[in-house]
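Pasting the structures here.
Each of the two complexes below includes chain A, the first together with chain B, the second together with chain C.
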Partner chain A sequence: MNIIWMIFLPIIAFIIGIFFLGLSRKIMARIHWRYGPPVTQPIIDIIRSFSQRSVSHGILFNLGIVFSIAGSIVVVLFLPFGKICPLSGSGGLLVILYLMLLAPLGIALSGGEAANPNISIGISRKFILALGYEIPMLFILLSLMTYYKTISIVEIVEAQQNMGWSIISLPLLLSGISYLLVLPAIMGIRPFEVVGAPQEISSGPMAEYGGQFLALATVEHAFSLFIGIALFVNLFLGGSGDILVPVENFLTSAGLGCIVSFLTGLAFSLKMLVVFVICLFINAVYPRLRIEQAIRYLWRWPTLFAFAGLVIVLIVGR
Partner chain B sequence: MSLKLLLIIAFSGALVTYVSGKLSQRLRDVLAVLASCASVVMVALFYGKSIENAFYLVFLDLDLYLRLNTLSWFFAITIAIVGALSIIFSLSYIKKKERTDFYYLMMLLVNASMLGIVLSGDLVSFYIFWEIMSWSTFLLISYNRGPALAAGMKYIIMSIVGSVAMLIGMLSLYGSYGTLVITELAADVPSASSGYILFLLLLFFTAFGVKNAVLPFHTWLPDAHSEAPSPFSAVLSGILIKMGTYGFFLIIYVVIGLKVFLNLGQGLLSFHYILSILGAITIIIPSFIAVLQNDAKRLLAWSTVGQAGYIILGIAFGTSLSITSGLFHFLNHAVFKALLFMVVGAVEYRTHGVRDLNSLGGLIKKMPITFIGALVGVCGLIGVPLTNGFISKWLIYKTLILEGSPFLAFAALIGTWGTIFYSYKLIHNIFLGQLPEKYKDIKKAPFSMQIPMIIFSLIIVLFGILPGIPLKVINNIVTSFGFESLNINLWGISSETGTLNTVNIFVAVIIAVIIIWLIYKAGRRAVKVDQDNNYAAGAYVPRDRYHYTVDFYNPLYRMISPFLKDFIDIFYVKLTGWTRKLCGKIRLVYTGDVGNYVMYIVLFIALLIFIQLNWSVWK
Partner chain C sequence: MDRNQLIKWIKAPGKMGQKYSLHVVYFCTGCGIIEIPPSITARWDAERFGVMPVATPRQANLFLITGYVSVKTLKSIIRTYEQMPEPKFTVGFGSCPINGGMYWDSYNTIKHLDKYIPVDGWIAGCMPRPEAVFVAVTHLWTLIDKDMADGYKKYRKNYKYYRANQEKLYGKMEWPPLFPIEDKKGSSP
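Then we have the complex of A and B:
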């Protein structure tokens, strides 16, 4: 069973991620009073890019992007999706934190070999921005792990089914708010679109990608979108299970376990959709910050909230 | 076979190598490699044995002992391997330089004395080997002359301060217990008053802290590491500073004992907690100072200070997981930092001494093996999953979080971010980007440099995928300190509070990579283009200057650099300035006039008479 999910989960994640990408273009267009491309546009683009000629700058240039997607796929296997988490027992949240590094690192190595300063500037900005949101993020994760006394994300999700969502449990409230404040930065959307910045540094790390590299980069983008939101839903919005507990018990007793998996997965996806649409609205109304402004913002209120959240958790305990 | 034989071979190997160098260079190279490899084999043969014997009776009324247990074996094998590989690396690195015989003598002497340190069973022989190590290190650091002399001077002065502190500690121990044999001390010292133990700890902390470059004793390290010859930097950073770590283990867990150590002081003011905080600070500040460096070796040197912080944090925190992590990180750091110094050494060798990160670039096409070494080393340093660094860092994070010290965990985690910053900068500025015209004929690293790099890279990946191999040895050490045994498999650690399974991660990554690679291959074949064939928004791509390296993290520099001055170093430099001035003033009494000297003598005798008349001190 686990093996089947290991194959299906990345595919599901990819479909959700790519759907979100298409949806974001549609919603953004409607906010701008345009008609916008169809939701399937990213898939069409991927297929088209694959058949186009591309240029390569060397082996690392090719391998970097492959490693980046592979890293993302492994992260997906570590994240509980509804009731499913194929690699739950292999290291927990800390491993996820580290595995999430593989994707940007792969892109950074791949882009580095392309010898284009636009890429280097983009990567340098990505790392700085990451440091910016990682400081509040680490405080948030530490307060979660201290509060639930575990380093396993599966246990955090399970604990929320008994105790209610983290974001509405009082000791974790500040951490939750702080997470919401840094979520756009984690996803790299406006006002934190400093890494790509198309008009400024020619899409940054993407500058040299064409043909199948561009297609793979889009796939990677879809995965990272999924991971960014799924982590938030798992940590603060209770994963999936809690809405359906009575139904779930009935179905499991009737021997229809796969329907439970499907329903929880659906609930999980719906939560992700809500979070994503909120993020899109933020994306639509804000202009891009400069990198210093972004850091200054991230190190002020979100960090303060997250720090206070950790102190509160330490004082209140469980 | 006895330990005595091992040390005799190690030390005499150094001397024989030196003498043979006068006859033939080739013979000397062979002997140096043989001597260092012999100690690897011999140490490996001692695996699992526990020995204690006197080797030279009655030195100043004291018995000298040699001793081997799991802890010293673990350190000894690391020393032997890193030492041997750095000798192999030296073969071509040092060939065209002068005073090569002397270089080999000192290298082998350092290795032998480090073996002596970890194998000595009493503090007198410990001290003797310690001093041999310190002085030969000093000679090697200043090998290149010029600024290296100042760096060596800085090192030896701080080292002497540490040694004196250790000597005082030893004398006090001898005065109290009449013995300096470690096992006998371990039986007596734990029952001493806590004030006395604190006094001892502070003295030995000074001694070992200087070697281990713990804040505030770290200031010698960046200069020394960047000025020393690269193969020796590998030894220096990989194992020599870890003699301080060994000292910490010896004094804290062997002599004083776990229980006494943990119960020294109370709550937030307990000694081990303060030491942990010191470790945490040693992680954060140097890791971010490293980001600001433009000299490749200086960057790595600061990184060493930061990584030593993880080890100190692991030792000081005092749970079985944290000590496991500290010991494992010692091994890991020895491996990947030696590897990285060798990488930088190879680049330095081929570019004729260029270490400036702003003037290199694009070397991946010219030195592929060196690049792979750099990549693996950097991944280990960051702690990317499937490298050894990941396991040790995972262990320390886990124990800090679950034992309720999230702020220490935060320090450790944020230090890793600093590590990512400077690691990528190192790789990007040296190997990626545009290859400057002047380096277009550069050759790849010589074979004798590639071998150690390949071996180290393999070790990093092997221990990352199958961490059970070293963890099993480490577990024996940890149980010998009086902890419960951990549940260790070949692929990690399993416990109730969270398991780690690296093989799962490995398989998942490999399968994912293969699938994506196949998908990538299904697309149209990409056309390989030159480095100048770049997107520049329609503008001309300038040759040679199209590499963004200077001030790589400029926005960050501007924000954090005012806070990241090395204030302690500035203070020490001021202190030496004041001392120099004071001594300059005192020197003025030597006027060169005999009349003045006679006056001093008369005054001094008058003082003595005055004292005798008033207090009658001398009977």
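Then we have the complex of A and C:
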């Protein structure tokens, strides 16, 4: 069963990610009082990119983007999607934290081969931004691990189904707020859209991608969107949710396990949708920060909140 | 607009993809670019046709030559055009790229753009309104449907002719030929 989910879960993640990409363009258009493209527009773009003849800049240029997608797929396998988590037995939060850097690393390797100055600026910005949000992120994860006394993300999700969501349990409130403050930076949306700024540095690391490479980069973008939101929903919004537990118990006792995984997946996707739409509103309202402003912001309020949250968790305990 | 007809998508996905995802290069050659911001933003909303500006020529497949083409700009235009991945389409925007327009007797303006790069269509007017961009886009769709928007094929086939014209203007070019120049004499398209 695990093997089947290992094949299907990346496909589900891709579909959700690409749907979110399309939805983001539609919602942004409606906020601008435009009609906007159809929700399927990213798929049309991918088909168009695949049909174009592309230019390669060397072996590493080809392999880097594949490496990046592979890294994203591995992270997807580590994240619980509702009740499904193919690699639940191994690793946990630390592995996810480590593997999440593989995707930008692959893009960086690939872009370094193309030797375009815009790509270099974009990559340096990406890693500076990662430095900015990794510090509050580490504090947040430390306080979660201390509070639930585990490093396994599956156990954190299960604990939330018994004790309520992390974001409304009082000792973790500050950590939750801090995570919400860094979430746009993790997803790379507008106040922190410094990496792929089209008007400044010609869309940064994507500058030399055309044809198949652009299509693969879009696929990677869809995966990274899924990962960014799914991690937040798992850690703070209780995964697939505690409302469903009685229904699940009933269905499992009736022997309908597949319906349970479908329902939990659906609930999980709905929570992701809500978080994503909130992020889109932030994206629509704010202008872009400069990179040093972004770092100043990320190392001030989110880090302060996360650190205070860690201290509170250490004092209050469980 | 046959964007939702699934059978066409299954028959020729590449062609349909090129039709409904026309990504335009950010490249302002002249005053015509002033009509592009209103046509891509809230007032006329080009994104509902799948037309979107992108920042690099590598990601684009439509090249709008907006406004008059000076000799200096033409060099950048040729470079940008050669960097775009095939299939690619070019549309001359405004009367200046067509025949020089009000710069008809200027010593420094290109009067025949299609001697240097192939152009798939023209939008006449000074200035054309944003609606004219959409008329051009829908017309380009029919051309793509009938395989008549084949400027990039002409460029590949008659590269010797185009390269000779470019070299006549600039002398020695700074970059090597895009395609191998064959021995047989290139003919005018």
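In this text, the second predicted complex is superposed on the first by the 317 of 318 C-alpha atoms of A that agree within 3 Å, B and C clash if a C-alpha of one lies under 4 Å from a C-alpha of the other, contacts with A are read in each partner's own complex, and residues count from 1 in each chain.
Note that in this section a contact is a pair of C-beta atoms (placed from the backbone, for glycine too) under 8 Å apart; a residue touches a chain by one contact, two chains touch by 3 or more.
Given the structure is predicted, the values throughout are model-derived calculations rather than measurements.
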Q: Would you mind checking which one, chain B or chain C, touches more residues on chain A?
A: B
Q. A:S54 contacts which: chain B (first), chain C (second), both, neither?
A. both
Q: Would you sort A:L172 into first (chain B), second (chain C), both or neither based on which partner it touches?
A: neither
Q: Look at A:P117 in the shared chain and tell me whether it touches chain B only, chain C only, both, or neither; answer first, second, both or neither.
A: first
Q) Is A:S202 contacted by the first partner chain B, the second partner chain C, both or neither? A) both
Q) So, A:G211: does it touch chain B (first), chain C (second), both, or neither? A) both
Q: Using the superposition on A, tell me which residues of chain A are in contact with chain B and, in the other complex, with chain C.
A: 50-55, 202, 207-208, 211
(Q) Help me check something: in the complex, which residues belonging to chain B touch chain A? (A) 361-362, 364-365, 375, 382-385, 390, 394, 397-398, 401-402, 404, 406-407, 409-410, 413-414, 417, 420-421, 424, 427-428, 431-435, 492, 497-502, 504-505, 508-509, 512-513, 516-517, 519-520, 522-524, 526-529, 531, 533-537, 546-549, 552-556, 558-559
**Q.** chain A-facing residues of chain C, complex
**A.** 3, 13-18, 20-21, 23, 26, 41-42, 45, 47-48, 50, 52, 54-56, 58-59, 61, 83-87
Q.
For a test of understanding, state which residues of chain A touch chain C in their complex under the given definition.
A. 25, 29, 32-38, 41, 44-45, 47-55, 198-199, 202-203, 206-211, 214
Q. Hey, which residues of chain A end up touching chain B in the complex?
A. 6, 10, 50-58, 60, 62, 65-67, 69-71, 73-74, 77, 87, 89-92, 94-95, 97-99, 101-102, 105, 108-109, 112-118, 120-121, 123-125, 127-128, 130-131, 134-135, 138-139, 142-143, 145-146, 149-152, 202, 207-208, 211-213, 215-216, 291-292, 295, 310, 314
